[in-house]
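Here you go, one structure.
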Amino acid sequence: MENLLSEGVSLMVFGMGFVFVFLTLLVFATSLMSKLVVKYQPAPEPKPSARKAAKPSAGTGSAAATNDELVAVISAAVHKYRSR
Amino acid sequence: MEKLLTLLTASGIYNISAGQFFMILIGLGLLFLAIRKNFEPLLLVPIGFGGIMANIPEAGLAYSAVENAVHFAKPEVLQSLASVLNIGSSDPHDILHAYHGSNATVHAAASLAAQDAGYSNGMLYNFYLVAIASGVAPLLIFMGVGAMTDFGPLLANPKTLFLGAAAQFGIFATVLGAVALTMLGLMDFSIQDAAAIGIIGGADGPTAIYVTSLLAPQLLGAIAVAAYSYMALVPLIQPPIMRALTTEAERKIKMSQLRHVSKTEKVLFPIVLLILVALLLPDAAPLLGMFCFGNLMRECGVVDRLSDTAQNALINIVTIFLGLSVGSKLSADKFLDFQTLGILLLGIVAFGIGTACGVLMAKVMNKMAGGDSINPLIGSAGVSAVPMAARVSNKLGLEANAQNFLLMHAMGPNVAGVIGSAVAAGVMIKFVG
Amino acid sequence: MEKLLTLLTASGIYNISAGQFFMILIGLGLLFLAIRKNFEPLLLVPIGFGGIMANIPEAGLAYSAVENAVHFAKPEVLQSLASVLNIGSSDPHDILHAYHGSNATVHAAASLAAQDAGYSNGMLYNFYLVAIASGVAPLLIFMGVGAMTDFGPLLANPKTLFLGAAAQFGIFATVLGAVALTMLGLMDFSIQDAAAIGIIGGADGPTAIYVTSLLAPQLLGAIAVAAYSYMALVPLIQPPIMRALTTEAERKIKMSQLRHVSKTEKVLFPIVLLILVALLLPDAAPLLGMFCFGNLMRECGVVDRLSDTAQNALINIVTIFLGLSVGSKLSADKFLDFQTLGILLLGIVAFGIGTACGVLMAKVMNKMAGGDSINPLIGSAGVSAVPMAARVSNKLGLEANAQNFLLMHAMGPNVAGVIGSAVAAGVMIKFVG
Amino acid sequence: MENLLSEGVSLMVFGMGFVFVFLTLLVFATSLMSKLVVKYQPAPEPKPSARKAAKPSAGTGSAAATNDELVAVISAAVHKYRSR
Amino acid sequence: MEKLLTLLTASGIYNISAGQFFMILIGLGLLFLAIRKNFEPLLLVPIGFGGIMANIPEAGLAYSAVENAVHFAKPEVLQSLASVLNIGSSDPHDILHAYHGSNATVHAAASLAAQDAGYSNGMLYNFYLVAIASGVAPLLIFMGVGAMTDFGPLLANPKTLFLGAAAQFGIFATVLGAVALTMLGLMDFSIQDAAAIGIIGGADGPTAIYVTSLLAPQLLGAIAVAAYSYMALVPLIQPPIMRALTTEAERKIKMSQLRHVSKTEKVLFPIVLLILVALLLPDAAPLLGMFCFGNLMRECGVVDRLSDTAQNALINIVTIFLGLSVGSKLSADKFLDFQTLGILLLGIVAFGIGTACGVLMAKVMNKMAGGDSINPLIGSAGVSAVPMAARVSNKLGLEANAQNFLLMHAMGPNVAGVIGSAVAAGVMIKFVG
Amino acid sequence: MENLLSEGVSLMVFGMGFVFVFLTLLVFATSLMSKLVVKYQPAPEPKPSARKAAKPSAGTGSAAATNDELVAVISAAVHKYRSR
């Protein structure tokens, strides 16, 4: 019984303490990271087009068609809808 | 004629126990709350339905092969189970007790023995084994939630992480509450039970299920139901506490617009968080690791098809099985217990304390920052219950001042609360797991 | 040089047996029917392809580790298996016989012994274990089907449930037919086999697979192929029977428009059905429970993302594995059997009797209702085969009277047939399982 | 053999009987349910807008964006299609 | 106070080893390459993240239950494991050595013993068991890739299959290279290791993972990372080799437009391929069977919902787990080895030789065909690395002649390379598996 | 050691040989198949409409609605987008 109480209390003390320590460190780490990013990378988006363009290759086999297919499917659907 | 008798004596209506009847009513009640009152329907519809299925008499859907074998209690089967479990008595209760207390080797042998006798695991029991006992379902939900979470507001104002920390006090206060109830002789909770009950205060369904499945699986039904129900009740539970602890002037404080957060910061944040977890609290690594992984997939911009699947097909599939599996733990003998009332009571206390601590912490931070830059209403969002709690903050802000939009400001502490309760979960697993 | 010999003697062309060759042709035939004739392609494409893969010589894709070990027949491996199985002979046939007859404990030990010797389960065998032997795949398909089913027409006219009941006579008549063939010495079916064959008459693929996997797994290939093939042939099988049993005047009967069914009724129906199952026939609980769960997700309107996943990503994934797993049972030694012919024959008889009973029941109900309100053509839809059978009713109605649209009226008995055959499945599992 | 026949016959009799009993009860239960619903809930759709609005919250984490994102994706696709 | 000490001594920062630290850096490096340099991000993001998680100190996410038990090294647990493993010493290293060398029966018993002592498999280890050790993940990815592949260009010009054959020389030359390094005493590769390393030259991720998981699972991390990295580097590796081996005149050769390929041919091709596999090389049946199945679903036109799921939800889900599972093998003790450098070196040699052989074969074919109908640049696409290698061919063709579009012509050898390396994989599994 | 070398060499010889044999046979088989198809089936697409029409039936239960639902969803999205 006594044991249960002491376990409960120490769980509360250390648990809550640790949560605060952890999140405090996260505040520091995040702030530092943000400062470094803002300092070394003023441009907002480095070559987004390049990123997009290279996305589709998937292991073996091209996943490339996916996006275009989506557009095609939707176009067809839209067409069907309009031609009613 | 004999067949007719078989059919009759094997029917549900002939065999239903009062407990099963009552649990079916509770399942129907959960469905009502989910469907008509919109209580977290994505979880409570499967949980409620699973609860009903788990209590269908004679179907044994939520039972393991051994439990089904014991239920039908053929003498030779009981005898063989007793011999595998290495106990003298072949009384059904003794066998079940020995089975539940057995180690992995004996457990596996007993399971094979029951299958030898022609019994098999119920459907819901298999779902439970695969989805929850393995730990995978809550982790995949966390990955999906990570892929749905935008850390922008948190990154714009990292200090809101303190609000997410403060609100976790509800968790630990509740642990102490459970201990106190036991000390008073009102309940009989172990420290593991107390920790699992406390996590209800984290206001985070998958975290609660993950921790409970590790520390106190027998309480899973009650704890999951309490966690999701109270999350749905956040718009009712929080406002009175928030009003009581803040002044009209505080509630009117307008917060300055959040700065723009660059893509690179968003990509780096889950990695920073993961490394901090790796260095400080390895026990939180599964939960927060999957959360960070989901968020990285979302933000990195090069694996959109994976992120999309994590947020949709995969999380939906896992939600269905998780819900049914939790429902399988709504069996009469485990749920219809005095302890469940204690859990429900402690759970709401946990939500209340968490809300209050978040608000008080926000008041302190506001004072320290000069008194007019942080609206204390955003503190309550630190309990998590994403995005409900942030919406509540916003609503009360608008009540005080029709131009006061707190939603984005409250999203910071809101997602901080998810991290906070996962950290708390890691601490508890470390200490009492 | 030796390597070249190895490659040659291990090649398929060197080892192919007549049975395997013939089964590959059957697999190709199923693909042809599925792709060019549109025979239930969603199942028959995976089944046909799985059937071909299962019969690739030496690949052992459909074999368990023990079966693969026995196939390669190294003396020391046979010896070790014989010792695990506790038999004196190390003859391959004796070992396989003992293995298939062994209980779960010995089965697991034999499997480990085969793995010790370096053999492993074939890919398709693993799919079968996970998808069918566990029972999960048919249940998840039932959930998806529930999420696709609109019970509106049934609720508008609940009496059409009687048509769904009558059409199940095909199931039980076929059971008797299988018994008769055995009594005549033409076949050798046990009562379990007979029950599984009868369920073909339920015209419901997942129910047939579920029941067969429980009662007569060795017949799974033949029964699943028969069930799906005949479902595809419904537009050919049913019309002559329907024309023979109805008069031109009856076929011309126009039915009054169905009443509007409220959302609330649709939400409550799966719950009412589940409770009835719980009270009367717990053995049907897995099948009908998942069906009701899918339907509740569809109708409740608050979990659309789960319902959508159940109807699409999840059911598609499960269908792929279910089909390949069924295909794995198209091995020569099991399929190329005189019994398979008996099953195909009995299956078509079952469809015919079910159709006839549905139509006759509709005639009786029409007579009792005054003779001009129920078109007997909708009775045939009671066999299920959703939505094909309802379309056939509609087509014959239009033939008789170009203004006579029976589709919605036939959807009532059509979905009633699904419930009816699941109930019949429960009864059979209860009695002979 | 005799046994098999008697098993088959009794399976048919009791099976078919049970199917009829079950579906008959279902007819009654369904009709009763429908009557009660029509009686106590004459209005066809109770607050459908409220239902829709509350749908998206998902455990932890907001699934709220999903619908809007769908619209955005489709809009973009439509735009792409039209601007060809 | 004692709790504080526990927390500290169990923290990652207290326990991190130099190897783990270094591996976390490597994981971060892979994420950088994937996200900023677009190195096959769909695989390298999960692999990199999994690698970081696998190296979180004390979390044991990539360890089995037995490995976790040994890590914490409680004397009584070590004793019990030693007794299960039937060895005299209870030294951790001896136990791990005996465990890794144990057969399936003992392995299972040791696993149960570790669970009896309260240890469990790490999350990533479970993912590895389910996704890779079972062999299922690479096969499902192959199915999805099959469903994404258009064999039209190959069918229009089947002779390009020879290019896909020639480029596989890189695989076998690398096997010989690995053997040579071992003969020189620089490395210590078995013939199985050499075969697995060679398959990197197949430029096909799932094939490499499948073969390595069967032949040399301990090298999985290094081989998968090398395979995907070099596939991403194809645009850098191939052009110099292609330029060196071709003349300006050859690069200018325009190829005539491909003929139209009918739907029927596309439907029949996967069936023809499957039958050839069945007759000649059953060991390639799992890989090529699933590939053909995916392609048949794509082309047959009657199971579009299955094909769509195979290409999207299912392949995405499997990719997530496959990547994390591969990452789990990036543990310090296995990856930070001199052998890994050898693997990286041999891998790039394999790509180079494969490219060169493809180009040379194309030159020969061009000569034989009169010298002006086959552009040798399409030969390099025979290594596979779909569709990157075909794009490289196209780019170099455009450089030589701005009107010279080789993309569709290069797609033929490109998909032929996938078939070729799967056949090579089958041969290696047959000979050294 | 010697053994390893001979194994490596024979793996290369037989492996590469087999790959060529296999793909050569595939060239023949494919060409033959294409010739037969072109010979016996000059019409490009036999009844594509019939194929489409019969697609939706799925085991039990109608998957038929799926396509229409997609169109409906997209139509709604398009409508929402246009009415902004």
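Residue numbering begins at 1 within each chain, and the chains themselves are lettered A, B, C, D, E and F in the order written.
FYI, contacts are C-beta pairs under 8 Å (C-beta built on N, C-alpha and C of every residue); 3 or more make two chains touch, one makes a residue touch a chain.
All values derive from a computational prediction rather than experimental measurement.
Summarising the inter-chain layout, the chain whose CA centre lies farthest from the centre of subunit F is B. By the residue-number overlap criterion, the interface of subunit B with subunit C counts as different, with under half of its numbers used by both chains.
For subunit C, the chain whose average C-alpha position is most distant is A. C-beta contact counts were set side by side for B-D and E-F; E-F has more. In this assembly, the C-alpha centroid of subunit C lies 26 Å from the C-alpha centroid of subunit F. Between the Cα centres of subunit A and subunit F there is a gap of 34 Å.
Each chain gets a centre from the mean of its Cα atoms; for subunit B and subunit F, those two points are 44 Å apart. The multi-chain contact residues of subunit A, meaning those touching 2 or more other chains, are 10, 14, 18, 51, 54-55, 58, 63, 66, 74, 78.
Chain contacts: subunit B has residues 3, 7, 38, 41-42, 280-281, 301-302, 305, 312-313, 319, 427, 431 touching two or more partner chains.
Here subunit C touches subunit F in the complex through residues 3-4, 7, 36, 38, 40-43, 141-142, 144-146, 148-149, 204-207, 228, 311-312, 315, 319, 384-388, 418, going by the rule given at the top. Residues of subunit C that touch subunit E in their complex: 3, 6-7, 10-13, 16, 24, 28, 31, 34-35, 38, 41-42, 45-46, 49, 52-53, 55-59, 61, 109, 112-113, 115-116, 123, 126, 312-313, 316-317, 319-320, 324. Note for the complex: subunit F touches subunit E at residues 1, 4-5, 7-12, 14-16, 18-27, 29-31, 33-34, 37-38, 41, 44-45, 48, 51, 54-55, 63, 66. For subunit B in complex with subunit A, the residues that touch the partner chain are 154-155, 158-159, 161-162, 164-165, 168-169, 171-173, 175-176, 178-179, 182-183, 190-191, 194-195, 261-265, 268-269, 272-273, 276, 280-281, 301-302, 304-305, 416, 419-420, 423-424, 427-428, 431-432.
By the touch rule above, subunit B contacts subunit E in their complex via residues 103-105, 108, 134-136, 139, 267, 271, 274-275, 277-283, 285-286, 289-290, 292-293, 296-297, 300-303, 305-306, 308-310, 313-314, 427, 430-431.
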